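Notes to accompany the following structure.
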């Protein structure tokens, strides 16, 4: 029987379908719930140094083929999150701590906290405003990204995953910077810059005006990023963006992903999304003669 | 999937001090106990139970902060956005139903009473702090032959809480289900009272909601999403929830005592 | 009765719904057909210096919410295109000549040809490989874009529209470069880099592997670009990306577009898309009290 | 909308020198005269008429270049991609039908004959250069009581062209419609012959196709998209087309004489 087990960096996972950051992952209860629903690993909501309320509503727009969200990074702050991480230890799968900051120092501080809390790895959300610049994202600047990864690398011994933004033509340079700085994996992609407008109300729907597009609408974009990344970097790639069935997951893996994450699919399909992807993927692998997931990684390049 | 629609307010009714019902046309089918996310442009997007469940839908809003205040100021012809209906709603079994509402809790319970459509099958108990805050009494009387009132200060009906009234009713009469909505402290006493009398209940909870569609996780109670798997929970579900009646999450996701 | 007439740069249009480049616009016959179907203006397929066959098939992947294409810029070349432009003179609406090149000189040569042929304006397709670099698009480099626009500006007297790629974090810089170089309008957006993979065949579906995403999937991305551009540049913006009904068009206009273009909608909806958008938009304007389209331009910013 | 599907070849039949029929399972409903875009991985994506219109669909491929050669080399169990069915297909009126096919043109016509399902209502005329290139004769005889053959060299059937045969039949018998498919020069003579006899015809055209869905414009004839508004056109439509029988477009979009 085909096996879904994978090793991503140094993390051994029972299956390659992880929960993406920002979706049902702010509390220990929800992390454990998702883990029990069949995910191979769960990533926490991105946590910052201080509690943040996020933006007023609307923070989400539902589309036929995805969502646009501008939650505004609400989170209880790294101190209060200690309790959630403590309770999340009973999770049957690894809990990866996602963090965001505006400087290398802030990232490394948060990473070492996540290590203290028992996280299995840290995921750096690089899609937040670049403090030095114009509100541009850190993740479009290879030097800034390199500095963040280096600092985190030296401050903690956990595997370091860097989550990349697709909103740049420099994605490959950024990924190479992650690799050179000692990052253990890249996670691609975060949401795509987007907006929804109400013709009757005559204004953007999200209170923040702009937001990030996720779900099936961005799957072809994420797939392209992962495919291109696979040709450029040698560290593992974790694919995210519009995965909601086994076929999506297999496509990402064939493009070069060692594992995938599911965000919007939790809302669009339900918590059964993890189990149904795994079941479908295993059936596909048996039909097509793949014994392990790693045999599928990157085969679309051959 | 339930996308944003822009609707026009067709009537504004003041129910009590600080409580207003807004009606608008929306043909979507809803079940009693479901809710909308209401977009008040330039202010916020908040959950509101469906208080009138005909094509001319209604919400009954209590002013407690910016968004509810702005909603209560709306006039006929103004526009708001609605998403939904969301959530599971009440599942009403055959037999005799006892409805127990505190405050605006009645807003989500009345469509259940009206949905049953048999005033002999439903008894309604309404609680309020004081007479002037009592809500939707006349509407309740149209869908139930037996409506009783309690106020904390005794200014109308029985003096005491609605839970005390429920307890009396459960002692004297057989009910197949109790439906409840109101402040969570009230609901947690209600569950205890029902459990003691061995009567099933379904209680509608409130949690901080942002997305309304089961995605963001801001509304979870013990890992369960109130927006999609609730807001109505059965006795069995409620008994398992450690956070029920004890704590909730604020906008940041921090746990706060109730 | 509300009027749909607009003026974009110096072009007067009977309505703001134009045909986008690359869709049913390689021959005089198809340009005229689209014009008669109700478009306010038509843009030709992007024409280069030499005939090009484009890529082998598959060149198109159909998705639920759009297409991914990699046609490979097939076109008969600027010399052969003279005949089409000649016959297209009987078009009831302006014909805008789209051109692509790999250097400022090539662009200006093609633009002056289009002027000779009687084009009403030229649209510069800036999404082609940057000859000097690594196959990166010209449109991600503000200096290169500035050089192209200046050269075209001085070689011809037609209105110059610069069509921008969304595949960069420097979109605003590029648009400002267009404005500073004397461009008359920006057109946003071209397709978004994407890919489709077949799990069974284990390879990318398009023969070129990568392609460009269009249709409803990218509407929120285009809308965001147009909204942001409206705050940054003072020249008119022509919105493109996923427009297929009046609501889409109105949203783009409220975001800041003076006109919109329809590409994928021609395939997804049919040629009646132009008339149905115009009818719906006029009805909306009457309902909401807009006498002219220009009254709607950018109102989502108020 | 018709998305790509991967199908497995279930049978391979050699029809004549350089002509092969491939069958595969595809449950999509198609009308006679419609076509698929066939993806031959690592080679190309090309239009092919549906030559068997049951759930076990078929295409009949003539080797003329890279992609058709690769298709003809496929074996049972190999996989190809299919998109479609695309195009309008034949609209078959009541009454007597004359089918006239040249070369692989028969591939798209036979499903029409089979669709009529009454061998007495359909006469079939098949033309080929020479006997060894004659296609699908036995299948034609199963769906028509009257099948006639012509070859350019007289090696089988009447010596001459299929259009000459059509002319004779139109002179001697009443038909309500003529359905034709084959090289465009043949089709343009066919239209003239039908016009002269005042009999309506529907002819299936071929143009360079890339997208298949009415988007790219590579298949236009006089501004009409053969992939979506065709490939089957009526006499009235064909008479208006200046490019019909005279020129087509190559891969670059350049006009070339036929």
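Per-chain residue numbering starts at 1, and chain names A, B, C and D are given in the order in which the chains are listed.
As a working rule, contacts are C-beta pairs under 8 Å (C-beta built on N, C-alpha and C of every residue); 3 or more make two chains touch, one makes a residue touch a chain.
Note that the coordinates shown come from a computational prediction; the quantities given were computed from them, not determined experimentally.
Under the contact definition, chain B and chain D share no contacting chain.
We define each chain's centre as the mean of its Cα atoms; on that basis chain A and chain B are separated by 36 Å. Chain A and chain D have CA centres that are 51 Å apart. For chain B, the set of residues that touch two or more other chains is empty. With touch defined as above, residues shared between interfaces to two or more other chains in chain A number as follows: 63-64, 200, 203.
Taken pairwise by the contact criterion, the protein chains link up end to end in a single open path, with no chain closing the loop. The full set of touching chain pairs reads A-B, A-C, C-D. Only residues 63-65, 68, 136-137, 140, 167-170, 192-197, 199-200, 202-204, 209-210, 213, 216-218, 220-221, 223-224, 227-228, 247, 250-251, 254-255, 284, 288, 299-300, 302 of chain C touch chain A when the two sit together in their complex.
Put simply, chain C touches chain D in their complex at residues 22-33, 45, 51-54, 56-64, 67, 69, 71, 74-77, 80, 83, 198, 200-201, 203, 205, 207, 263-264, 266-268, 270. For chain D in complex with chain C, the touching residues are 1-4, 6, 37, 39, 41-46, 67, 79, 81, 83, 210-218, 220-225, 243, 249-255.
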